[in-house]
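The data blocks that follow each hold one structure.
Consider the two complexes below, in which subunit A is the common component and subunit B and subunit C are the respective partners.
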Partner chain A sequence: MMPAAPSPVVTLRRAALLWTAMGLAGAALLPWYAQPDGVLAFDWIGDFGGTAEASGAFTLVLRHGFWWLWPLLGALLGCLSLPLLPAHRRTIGTVLTALAGAGLALFWLQGLAIGVNGWTADWLGAAFGAIDGRQFGIGAGATVVLVALLALLSLGLAARGAFKGDAFIAGAVVAVAASIVIFTVWPVLRILVQAFNTTEGAFAPALLLERLSAPKIWALRCLWGGGGCGVAWNTLFLALCCGAGTTALGLAFALIATRTAFTFKKTLRVLTILPIITPPFVIGLGLILVFGRAGLVNQFLDSAFGIAPTRWIYGFQGVLLAQLFAFTPVAFLVMIGVVEGVSPTLEEASQTLRAGRWDTFRTVSLPLMKPGLANAFLVGFIESIADFGNPIVLGGDYGVLSTEIYFAVVGAQLDYGRAATLALLLLAFALGGFFLQRRVVGTRSYATIAGKGDAGLPVALPDGLRRLAQAIALPWAAFTALLYVFVFVGGFVKIWGRDHTPTLQHYAKAFAIERGPDGLLWTGAAWHSFWTTVKLAAISAPLTALLGLLAAWLLARQRFTGRGALEFATLLSFAVPGTVIGVAYVFTFNVPPLEITGTALILVLCFVFRNMPVGVRAGMAAMSQIDRSLDEASAMLRGRAPQTLAYVVLPLLRPAMVGALVYGFVRSVTTVSAVVFLVTAEYELATTYIVLRVINGDYGLAIAYSCALIALMLAAILLIQLLVGERRLGRRAAVPATAPVGRA
Partner chain B sequence: MTMTAGVEFRDIVKRYGDTVAVNGVTFTVDAGSLVTLLGPSGCGKTTILRMLAGLESATSGTISIAGRDVTALSASERDVSMVFQSYALFPHMNVLENVCYGLRRSGVAKASAIERAREALGQVGLDGYDQRQPSELSGGQQQRVAVARALVLRPQVLLFDEPLSNLDARLRRQMREEIRDLQQRLGLTAVYVTHDQQEALAVSDRIIVMNKGRIEQNGLPRDLYERPATAFVANFMGESNQARAMVKRLDGERIVVRLGDAEFIVADNRAADGETDIAIRPETIAIERGAAPAGALAGTIAKAAYVGTHMEYTIDTAAGALFAVCPRVDRPLAPGETVTLTLASRGIIVVA
Partner chain C sequence: MRRVFRISCLAVAASLAAGPAFAQGNLNVYCSVQAEWCALIATEFQKHAGVKVAITQKGSGETIAQIKAEAANPKGDVWFGGTGDPHLQAAEDNLTDSYKSPALPSLHAWAQKQAADSGYRTVGIYAGALGFGYNTELIAKKKMTAPACWADLLQPAFKGEIQMANPNSSGTAYVAIATLVQVMGEEKAFVFLKGMHANINAYTRSGTAPMKAVARGETAISISFVHDGVTEALAGFPVKTATPCEGTGYEIGSISIIKGARNLANARKFVDWALSPAAQQLGAQAKQFQVPSNKDTPVPAEAPKFADIKLIDYDFAKYGKTAERKRLIARWDSEIGALAK
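Let's turn to the complex of A and B:
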């Protein structure tokens, strides 16, 4: 029969001692602090134990007098006492939870209390006495200890009966929660607290009021007198216009696609893929090619009527136009679902009750779409608020919050207090929109699809409405296509607007490869940032997918205390604008205990935690289509949680996995807002490189590079599809998870 | 194969927030027997099954299997298997892989897992279906794979969660016979959940009728039908007419039940004298044409319906409208006809 399993207490003890041993080994044998060239350079071995920089934790405590590491090492050592405890799961669990919890708390307290210059606050020095030690960012040894403590905490919680006693689930929850706290919640809180502080770090709440009430933020001069309005009003006004515009356009497109006999409906749907693979500033670039000083319109007016070229496109109207182009496909996606959700039977019922087509639309269809319209509006609103790429390229004097944050940190100002205040405002706007949207989506809509088959046929649109929708949507679609064509063609002419001689010089400048004596030389200007982008995106995409799907599985399938909080935190990190995340990262992670600013690691972390919520949403959507009883059947058949995950859930989640991988990769390649703060000369990314070229007016190279990026992403999508393959199911293909919304 | 072990459920309570799904339930399942949990939806029967499986944890109380307390163990640590209502066959695995799954997870080597899986598939009559995908099987075949997949682990307890509710009527009867046959042949301990009283009567050694999270009655199938302890059970187990009647005790074993002018002698050792609720089984009412003599129950046909195998009548009597079925369809009675009713003693049940 079945091999007899060892008793739960024995397994628990064995696992706990194993993790303790691992933590102690890490503390003893690996350098506690980060090494300048990375731990894998092994240049620390020579000095190991000699200098504080290259010592393990035990050497630091015993030889270098770093006494503040004692308590946390003590907590770890305390776990060695497990064999002395009575063989009772709950008791062992309580002791483990207490020791590991204390260890973790001490880990962060000492890390935050002692920085590169000793004590980080004067009162700490007064309380504990002067120290001559200083701490750098945590390294390999500290990381191993941190992981071991987290694992011990999970074991302890599970043994106490939390998470249905399953240590794997406990570990997964602790890992996901800890990573979200460390890499999203903590940095955002850090930067928000900075809004209350002076540049030197002293607490000064009055300063926040002063900063918040600055005329640059709230001025209303644009309404009367002259000059511009404050950035807060600018941002809000732009977002309202963008939300209204994209909703109207999205509705027009959706009506045409679902309620008319329009011939090219299928091609309309292609529209929805475009913004996903397009870096956010490409539309802006296209608009410059048409309306910019050297653009087609100005050149034509100049040559035909002698009207001097203007900078008309730079400002509110330019940004709005670009955002309308960029975000209408998203609204289209939302509105298609809404329009299709209106039950045709209701419309048929209305017609049998003597209502004409127009009356039916006005009194039945439109009211049923109202929650959907509100949702689409808020999606456009939120997208516009978070947008950075278009305002930075086209904004000119029209500042919005995201660009103002950037200018507060980059360049001569370097005023984190001001950046933090603006970030606070931006976050408030974004979260306001986000919660409104959640409420709208959350309200029970009577229009949604019931489980029953609906045999009715949708009623055709009234003629006038159909013509109106077509008059709005079709030229818009044509113009969008034209913009992409211009962007494509723009890469192959010498100087757009002046000299339209066909040339490959821009591509050559960006992507030249020469044959040198030592093999190929990647001499093109773009190669460096291109390969960095590909490498970092390729590293972060699988991590994003893994973490996202794991979180999705926990949220969709497990019931545990704090589930609601975890789901809320994941959703929240999706709502935080990239600019806020970027400034928060650069501010939080340039000092110990986590000193990773300027490394590739911070870029990868930023990608992973910016994009993970997409993986979570895709995973949860896919999970809701998989019968829960399959998980339960696996559990009944002796499958433990990790086995169920590996053999049942993941194979069935292939489409969601493809989705998460694609979005993880594509969004890492196309993002601008967050990483613009994090790139360095060594780790330059494609998008930030292009944006700088655009700002400098070097359009040819920027265009060529953008086209190459779009090609790269198409290739990546195909490759991932090929690698992960189709889900092997004998039945009809399941509906793919709906495409999550792209975000700059 | 050896007899498998029994189950003991003691004082189990299950709360979801403020709602009490299961309210202090105690019962045992003898080794080698099949016990059915029967009741309307929301009565707590599926919750009990899932707590037994380890898919839900009890709020309080203890569950033991074969004398071992399993209350705190997770589903994969208990020696039980379950056949799901939806079958829950893994759609990305073929039939053989599905049946092997549990063996592989419990550490059985691949070769012997395949051998045992083939044996189990043979037991349910699915030889040669190894390589099929679940979607290529009919509903009945999928059901058999689900049974084989649960059976192959030789669990101490086999659980069935409404296993036949997705099958059509004809197949349902065939499958329930096969399940009962397999359970008796292999001497399995089984707990079976259904809301279909006929199915319950057909497959069970004992039936536990549940209502609102409590046990209404726990007994042999025949007792539940013929001697229901409560009005709820009488109603739930087959059709019955509710009526008020005067009861008078004749001796320790028998009572006289007075309906209108008629009196019937019924075996009963519980009922007290006085007016009380009774249930009358429709198939135990014999109908004769013509006016009733004194002391018999007279009636008038109110409605008559021909349903193929029998006639269904609604008859107005002094005890109220009674529903009756009559196997004779050759000379049906018409509405308005006067009839005499004779009630079989076993068809009259004092329920309160």
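Let's turn to the complex of A and C:
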């Protein structure tokens, strides 16, 4: 596969020495530890080397007696010996792998062993003797060394023949794996081990069984009418309904949007997007105002027919309704790429063989959409079990795992052990969904985008199916529109649902701008959190998409050991509820070696690693449709891995890319449970601000702010679509529905 | 950034006005009261002490979770406000530091007692009584009489009209159960809770949700802290409150210094200030109507008068302990939580 480079050993040596030099320069010239005022404060230059806080690694070991940095620096220095080694690729690779691997291990060991108060465990002090040094979080110097060591490790692995000897793929796998391990696996594991601990922190594995077998989790009383069921059954049942419902709705919308001549497709698309860009709690509050006991529908029924208002919206039905509203768009985004991608060639072949439109759909189109259906179901299922906002607003008595976990952490009992146990259970459900999806999709090929000329015209839907899709999707869309009109109006009235005198006071309070003596004064209460949110979301969205699609490409296209583990790890942060991730991040990143709480960085990282799984899923679903022959053709034309990725795969992945970017941005703006513990006075986010307003009962301001956010996200989505552009498949436009082809 | 800038501008202006009190360091406050109150606290303390205040607002449950998670390397200095239970829990878990403020003698007896009970790790800054909230329109429409006593809640007329929180998740609900146990005795209290179960339409997860449901007319009656009802009424909802005639419990909104605080001197200064009348009347300015803990603080006119409320001598030392809480909640779970609707 790899075209033979002129002299691979020379290139390898050059690359390895370059990375080593970079690492050493970083260690020597940049401060090893984090600076109190952030990366962009350069006050350390003045007294560089003077204090331990403002010293490079070499000054630290030579002048300040930080001897524990020697071994890892030694590993890096060892890489300078490469020119002395025999010019044999494999030997160099082995030495590089060993040195870089040892360096990385030493890096983390010393970081975990010595913290802000010296040794982090008593036995370490007993074993190595007392030290008077203390370590803060790693800074610029340590980061450069870390990156250099990772790069050297991938060079070494590739040179040893792993990853087909391709250094780019090796680097990509190492980078993706390292980042997921550091920012997802490590924090999640740190919190999950709490399930084995008593509330005092002592290790007691028997406790897990006791916690797991609690009747509150597994009771089945509801089946014979003797009270509520356990939270586990509640969660599972809700998630199955939500997964099935969102997949069906998503498919109906995707079919209408791509396979019919429906006039208001654009409107439909906007409508399906709306719930996804709605800040949390808004849908729930809107549903209460429409269907609640004092809501529009009940009041109307009461006054018109004398039907006594009921509270049916609280409980399973209400939560499911809200979740269908909230997650159908995600299913739609997953489905549309797949439905668009199904090649008309096969459908035309089927019709040529005299199959009717319904048979064609049932035996050709639908099976080809299977990866999309399975992915959409998986996303709907997992979204449902991780959802927190809707159950908390509409759940009433109906407890699910996510709310139960939240209250185990912040409620009256503060029981991390119970929270971790329930989180484990939730993770097991997610894992179950994941394997189920794998079983359904299996190992069959669904590739229908190949590099072969004209693929023909997509077949119109069978009439019955078209009507069915429309009968499901259109009322749903109308209903969504109604709900949003109602919410939108809420921002312009004095008290939502009560005093409907028109007013602009909520917008004025949130977004006032005054003309001061020196320019504009942003006096509105919401501006601070608004700009912080925009900034952080704009930074994290491209990172999310990049990392997500890179991971998807590696998982779908490359074969390497540990691929399955990596695929599962990418899903991990998605399946763990936000509250658990938030607490896990505080636990893990409030202490050295990575002390980043209270910074904007931790928020960006939380966004990226929490939202990346959808990018991965969308990317993998889209990639399963693109025939490998395109990659192979590129390789045969001497295109290397990065070129194939940039010129062949990425352009075909545009819908998935749009999806990942949009999702990354939108979820960064709307996420709440994960960031509650991470926001500070300086980095306050829009959602946390809105939630606090809701808690204070200040709905007008919350709604006004939410509408502004919706407008912002719509603008961002349009901008993203404009920048990324559409995928051109070289297919002709869809058929007009009035001219059905091949009616049997 | 803008807020920090604004706050530092204020700090500079304040220090110029106050002469020598130039910005003397920082203070990180975790604030569990309502947003406007938190903001007032920040700016006013800056003016008072010339200390740069960074305030992070979170619910009390979230704050104690955060303090516990950060225990290895604390980032906050002082925790202002929020119901007393989690403050007592933090004291029990050794997450907060003991400090005897010189302002203690000027406080009401209940605040002094709570401070002594906790080993001076926390001290009350305000108190709010437990009671009922009811929707006046719904009560009138259904021709019911508003509840005035605990016993009224057993009336068949209220079937499916009462909401209270679930003690597994809500501190408010736990205060309600502990109150009933102290008013009636434990056995009678659980008989009462079982009887009331027929009238309950939901045990919500959040403690403030029942009062919001009352405000929006989703339920007629809630068991809540009465000052929450005042806030809803001021927002324009048809809400009135009552306190039970047999006697009721209360919460003590507290302040604690976080163990390992980096700005300990400023944190202590802040506690002294928070207990002063000047600081305590800021609550009323932010439209929060609890009863301040300093005897000299003027009680806001809107605040439910403690003199008119039959308060019990709530035993915070006993019912604030983790073991007792676990026992009562477990009993509630098996005897009431498991009942059919």
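As a working rule, the second predicted complex is superposed on the first by the 445 of 744 C-alpha atoms of A that agree within 3 Å, B and C clash if a C-alpha of one lies under 4 Å from a C-alpha of the other, contacts with A are read in each partner's own complex, and residues count from 1 in each chain.
The rule we apply is simple: contacts are C-beta pairs under 8 Å (C-beta built on N, C-alpha and C of every residue); 3 or more make two chains touch, one makes a residue touch a chain.
This is a predicted model, so every value here is computed, not measured.
Look at A:633: by the touch rule set out above, it reaches subunit B but stays clear of subunit C.
By the document's definition of touching, neither partner reaches A:354: not subunit B, not subunit C. Subunit A has more of its residues touched by C than by the other of subunit B and subunit C. Of the two partner chains, neither subunit B nor subunit C is touched by A:266. Of the two partner chains placed by superposition, only subunit B is touched by A:164; subunit C is not. In the superposed model, A:414 lies in contact with subunit C only, and not with subunit B.
In the superposition on chain A, contact of A:682 is made with subunit C only, not with subunit B. Shared interface residues of subunit A, touching subunit B in one complex and subunit C in the other, do not exist.
Against subunit B, the residues of subunit A that register as touching in their complex are 1-3, 5, 8, 161, 164-166, 627, 629-630, 632-640, 643, 647-648, 651-652, 727-731. Across the interface of their complex, subunit C is touched by residues 115-116, 216, 219, 221, 225-228, 288-289, 292-294, 311, 314, 392, 395-397, 399, 403, 407, 409-414, 416, 494-495, 497-499, 522, 527-528, 531, 583, 586-587, 590-591, 595, 597-598, 676-677, 679-682, 684, 692-693, 695-698 of subunit A.
Those residues of subunit C whose C-beta lies close enough to touch subunit A in the complex are 1-4, 34-35, 54-59, 61-62, 64-66, 68-70, 72-73, 75, 85-86, 89, 160, 167-171, 173-174, 201-206, 208, 212, 215-219, 231-232, 235-237, 325-326, 329, 333, 338-341. The part of subunit B that touches subunit A in the complex is made up of residues 53-55, 57, 72, 74-77, 79-82, 84-86, 88-92, 101-102, 105-108, 133-136, 149-150, 153-154.
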